[in-house]
Amino acid sequence: MGDHLLEVTGLKMYFYTRDGVVKAVDGVSFVLDKGETLGVVGESGSGKSVTALTMMRLTPMPPGKVEAGDAKFKGRSLITMKEDEIRKIRGNEIAMIFQDPMTSLNPVYRIGRQIAEPLVIHKGMSKKDALLRAVELLRLVGIPNPEQRVKDYPHQFSGGMRQRAMIAMALACDPDVLIADEPTTALDVTIQAQIIELMQELQKRTGSAIIMITHDLGVVADMADRILVMYAGRPVEYGTTDEIFYKPMHPYTWGLMDSIPTHSLVEKSALNPIKGQPPSLIDVPSGCAFHPRCPYAQQRCTDEIPEYRIVEGTHGTACHFAGDPGFVRRLVENAGVKA
Amino acid sequence: MSEYDRQESRNEDHGIEDSHSGLPAMPPMTDAESHIHDDQESRTLWGDAWRRLRKNRLSIIALVWLTIVVVSAISADLWVPKTLGDPRAIDSSTVMANQLKDSSFSHPLGTDDLGRDILGRLIYGARASLTVGIAAVAISVIIGLLLGALSGFYGGAVDSLIMRITDVFLAFPYILFCVLILAMLPSSARGIGPVIVSIGLLGWPSFARLFRSSVLSVKQNDYVDAGRAVGASDSRLMFRHIMPNAIAPIIVYATMSIGGTILTEAALSFLGLGVQPPEISWGRMINDGRNYLIGNHPGLVFWPGLAIILTVLAFTLLGDGLRDALDVKMKD
Amino acid sequence: MFQYIVRRVIQFIPVFLGVTLILFLIATYLPGADAVQLRMGEKTMSPTLKATIRHQLGLDRPWYIQYGDYLSSLSPVHATYYDGSTAASKTSDPSVRVLDGSVALIIPRISGSVPATGPVSYEVRSGVPIERGQSGRIAIGSLAFEFDPPDLGVSLYNGRPVLTILGEAYPFTMRLAFAAIFLEIIIGIGAGIVSAVKRYSIWDILVTLGTSVLVSIPVFWLGLMLQYVFGIWLQNLTNGAFYLPVLFEGGSTAPFPAYAYYILPAITLASVSTAYAARIMRSQLLEVNNQDYIRTAHAKGLSDSQVLWKHAIKNAMIPVVTYIGLDLGAMLAGAILTETVFNLPGVGYAIFKAIVGRDFSIVFGGVTLILLVVMIVNLLVDVSYAFLDPRIRYGGLEE
Amino acid sequence: MRNRFRTAVVVMAACVLVLGVLSGCAPAKTTTGTGTGATGTPKAGGTMSFYIGEPAYIDPYNTQESEGTEVEQALFDSLTRIDPLDATKLIPAAADSWTANADATVFTFKLNKNGKFADGTPVTAKDFVYAWTRIVDQTTVNTLTKKADPSIISYHLSNVKGYDNLFAGKTKTLDGVKAVDDYTFEVTLSKPFADFPFVCAHPALAPVPQALVEGGVDFNGTKVAFGDMPVGNGPFMMSEPWSHNQYIKVKANSNYYGTKPYLAGVDFKIYKDTEAAYTDFVAGNLDFSPIGAGQIKAAEAKYGTSDNGYTVNPGKQTVLGAEDATYYMIFNTTDPVFKNPAVRKAVSLGINRQAICDVVFEGTRDPADNILPPGIAGYEKGAWADAKYDLAGAQKVLTDAGFPGGKGIPAIKLSFNSGAGHEKIMELVQSDLAKLGIKATFDSAEFPVYLKQLDAGKFQIGRLGWIADYPIAENFLYSLFQSKSGDNKSKYVNPAVDAALDAAGKIVDTNARIAAYQAINKTIQADNPVTPLMFYKHTRVGSARLHNFTWDAMGLGDFATVWVE
């Protein structure tokens, strides 16, 4: 196990607020190997972004606090290493792309300077060299006329171009891991596809591992090797893409899949969103956090927190009924999906 | 403001999303959960606001102080002359014996150069400060609401004319404007009235801007269009839709402005253009007392200043509290 | 940008005309008197003498002529016509007349040509010839265009030129304003940054409460109490020099260097603004710290201080710079209260005294100066805003 | 004549002779150092610094207020000079001697032949003719602005023949002044005025050099306007042009005809207000300063009090002598309420002057018992019988007049100029009026407006201060009570007084003249058109460096006799 690129075990990140303890991440585990892609899926508020930020140590502490667990990058703990050590990793070995390219770039600096910044910090390049490299990176992410555009300010770029610029910035130092936090959510649908394509293409070229955080299972369907489904800060299902898509074990995963409008697996069935709202993280429902919204919930689900367990291989889930064949059948029938 | 909005900004006060994390936004409470906070009190905007204000310790202290000031100023005639002595009366035959006394049991803050009790004068001085503060702001609010409404409602040339005028008013040094108006006035007209009018006439632009933006933001709402569609008159729109939404920021800003107005009144009186003796004003007291600093009688200056500071601060803190309680978003 | 500036300047003109016109009307129609009387102290000036002086100052003309004359005197270019007399260089024999209210639209009535150099005497209002325009004259036929500094007339009280009076006062106001702005920038912005960075710390609480108290303090009271503390309490320490502390270059034995005497007035003048600057800085920084691009910067591996100084401050500064800029404008327009309390002979004090003493020519001159300063500073602030915020510079953001 | 130590026989003789001829008065009391408490040996050199406010003018033609006059009198000598320690006496200055004709209409002044302007040119009678003409001529140009700016003090010469014509612009010359020869200056008056030599002592009536007035003064190669750097015939000369709002520096004039001053120079430091000056004084940066409000007793204790009230010597530095000035309340005698002399009398009796002096001025002003201050020849103690506090008396007067307890008197207005420190006095007056049952409200205005109100008669009770132009009774009585005088704000009309004033002006004999004015004063006081409140007193203090520095009752410093250590 020690030779994984990134290995997260039982990570818990709690926020201590005046209103109570927010259990934003509550026992997340996964592994990531070189060149691999991990999809992290969940509704907003499920703790997927916080998981990424916790690994990068970008959550404010306090009020945040890592309660338990660890995240090891190349065998070193990201959680306990010193601030200047993790700073050397951020943007260098692990880079991040954020959701909203409109606001993620600093409006008062030129694009080129912002892309060049990690190179100056981490690679010790001169500003001039870094700017030349920024031109190349922009060309790499498909910005036309990059020599001119490096001198532009963010507001002169369109949304898609800004996200390309963000990707260029993230890739500047050839990171081993690229965390993309909903990189396409804020973009038009056509642009979304282009960005995903670009990321896949670049992954092939650079061999970076990618953690793709999204609320949209469709986005990771083609891209991810493994998928982690999260709900209310807890992992509910983890497995290879095939396992998640073809043998989903948790009712929430099913619900997510049902809410994909144009999924290839769906035959002319009505869109079937999950009922209700995600729970407050201060006041997480007892037992299985999903039980108020779960159509199959029973008394046990209200009383007992289901344990995460491996069902087969690496495929695991946190549902009392996981592995119960009858339960799976009912799921399938209700969802109108033929396994 | 909708329930949802209020929940949002209430969380803001607890400050977790001030930080730079990508912390998930607090999801709104479901109806089932909100019963925890629900008690028997009415759940109106004002009820909520009062409950929240009550929890704000500084605002309550401010409110208590203001109550003390107001009550003692109003009731002063009943007890001050009997206990502390008439704060305006001078007796030329005893003034030498009574002037510039240090604090004592009968004169808690001492006496001034004409032998009058400083505390008594402070209490009477509060009348001028509070009257000017409240009345001038009231004038500003009325003018500001009218012009802001005109501006926001009709837009176009009316709007740009009014906004241009507000620019002029905001650009020119405020005190100088007041000084110009007051100093040019015929002498017989000097006093509290012109101070109120001049401050009131100059204070409206902020209210006009505030109200204009309220009008504009409300105008964009669908229900205003809907109201128009069913033939609601402008005045009906104003009072049924715009006013209820705009009133909270106006109240908050007005409360804070009272403090500023008290400061302006004090400054004008200090310059000799405000309330004229024998009427009493805190600013005037400071001006009268400044000559006694060098003779080591700082109380003549210190106490009125402290009264101004505490009162202005109280209005500011109360305004802050109201802002939080009423969920008004304002920039500093 | 140029167009914008031109538009702003043009927008300013009606404001200027409006304010000055109102002032003229006030000065004309309000009951009262003017400062001419003050020349006699508490003694009575004979009506004849008063009438003579008023006539010579042009105060007996209708207000609209005076107003036109005032406007024309602001113009650096004056057109005059020359009546062709050969005695042009004799001061005692005026041959060229300055036309009241003239700027350029004058039709020459008598032919002749103006000597291109050398003194030319003019007849002015009182019928007394004076010399003007020794240089910078352009003569075209019988018309002469001259470039003179604007002339704001003379003090009604003592007959000194208003420009000279304001010119003498201005350095004091300027030094005070820059000293105060310096404090405001250093302390205000510094406190705002500390308060935002160390949020919820004791420093933050101190700054937050401190600014609330500071904006509640009447500046004149603060000035007096500072004088009391430093001048009376600490008299021995400061050698008494900080009580009403302005001494000038003429002060032969001033115990401190000249700038020291601006410390207390500057603190007084800066107090409220500093509090506001700190608050704005704090709230802006907190807001900016919430922005996505700050998170991006952290994710790039920048240290906290790099993020703060490189990414957060510059963005947060934009509104602060605007505020401080406008504040500088207000301070340069004269600080009546601070100057009064500290006896600083600046423009604020000069204008205040002129208003109270009804020396209208100083009032008009002062108001003109203030309007110009305020306008220029506002314009500069707007322009600098564009330089700080590329979104505005490149027109990418609609107003 | 600046140097009282130079009591040369010639001068004294001239003085005695002239005064004797003129008025028959007794020889002047000696004005040497003996009366001033001077000690030690005078030392030459050094400068002293002196407080002033920013002057309006230091060019003699228009020096009116005390600030400019203070500087100007150091730079110029007029024909005569008032003895700094005895304001009833004249001593020679630019004129060695003078004579009057029998009906006091023609005065002949013999100029000192050594008189020179600071640039070395001799002072001649023509310079006086020019200077006086310049004062009266309404087209006179202010050298600073190069614009016409008539003198406001031409009234000093209003008795000179031809004044009206020149003033009205009908002539270009002042007919009544004549340079008989270089050193004989003759003045003809349009009406008898025996006190005229006192007028000639006014610092503004000094000679000026025409060439420099019109051509400018050379300072280090640049031309400076005369108004910024006047060149005079006095003991001092400007060492650099006037630094407006900052300072005026003068140095000893090497061309001075009289005894040279000990001082190398005087720095007139310009302050915005007296408090600032006093602080500077306490800090040791100023040699002569007004005393800050509320500080007078402390200053006396700390610095000691001048023996004669005018002269500073180490340890006797506080100057608290009386000034030739009276603070008085004015009744509008045309007002329905105050045309009743009984009401005026009652108010006059009802004001507690001592309380005002004590509370507002720390006892450094004296309650006035006469409109003439004590320094004026003709002053009699208690001459104004009603100018004393007598509450019972006042109430009785009111009752007798039909206003028992003030009943029947409507609320009245108390007018004064705001922002000049009169508020407190008026509050005390108001409280005194209340004791008489008269309710008074304030009606204050800025000074120009207030004066206009007074002139228009739109007031009931007002206030003014009268500062003597020259220390003579005529200057008070004629100005304030002659029916046509502009300064008669109470609109007091008494033909008998008018006639008596005219008659008194013709009396060449000093004692007889003084007696005549005393009689007039008695007549006026019975009517109470005004009521004197206080006599102004000096409140200044000098540093311990100063020896024998006299600041006289007129508020003029004698810089020629002081020495510093």
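As written, the chains take the letters A, B, C and D, and residue 1 is the first residue of each chain.
The rule is simple: a residue touches a chain if its C-beta (ideal position, glycine included) is under 8 Å from a C-beta of that chain, and two chains touch if they have at least 3 such contacts.
Only a predicted model underlies this, so the values are computations on that prediction, with no experimental measurement involved.
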Report task. Specify the chain with the shortest distance from its C-alpha centroid to the centroid of every protein C-alpha atom present. Result -> C
Requested in this report: Using the touch rule from the top, work out which pair, B-D or B-C, shares more C-beta pairs.
Outcome: B-C
Report task. Could you give the separation in Å between the centres of subunit B and subunit D, each centre being the mean of its C-alpha atoms? Result -> 51
Report summary line: Distance in whole angstrom between the CA centres of subunit B and subunit C is 30
Query - Whole-Å separation of chain centres (CA-atom averages), subunit C against subunit D - result: 38
Query raised in the report: Residue numbers in subunit B touching 2 or more other chains?
Result: 15, 19-22, 183, 186, 272, 294
Report summary line: For subunit D, residue numbers touching 2 or more other chains are 275, 279, 419, 445-446, 449
Report summary line: Residues of subunit C that touch two or more other chains sit at 31-32, 231, 243, 291, 295, 298, 356
Query raised in the report: Tell me, which parts of subunit D touch subunit B in their complex?
Result: 275, 278-279, 292-295, 298, 352, 355-356, 358-359, 418-419, 423-424, 426-428, 430-432, 442-446, 449-450, 453
Query raised in the report: Hey, which residues of subunit C end up touching subunit A in the complex?
Result: 291-293, 295-303, 306, 311, 314-315, 388-391, 394, 396-397
Report summary line: Per the touch rule, the subunit A residues reaching subunit C in their complex are 56, 58, 83-84, 87-92, 95-96, 98-100, 103-109, 117-118, 121-122, 153, 155-156, 166, 169
**Report entry** In the complex, subunit B residues that touch subunit C
**Finding:** 15, 17-22, 164, 167-168, 171-173, 175-176, 179-180, 183-186, 259, 263, 266-267, 270-272, 283, 286, 290, 293-294, 296, 298, 301-302, 304-305, 308-310, 312-313, 316-317, 320, 331-332
Query raised in the report: Taking the complex as given, what residues does subunit B use to touch subunit D?
Result: 89-93, 95-96, 99, 113-114, 183, 186-188, 190, 272, 276-278, 288, 291-292, 294-295, 297
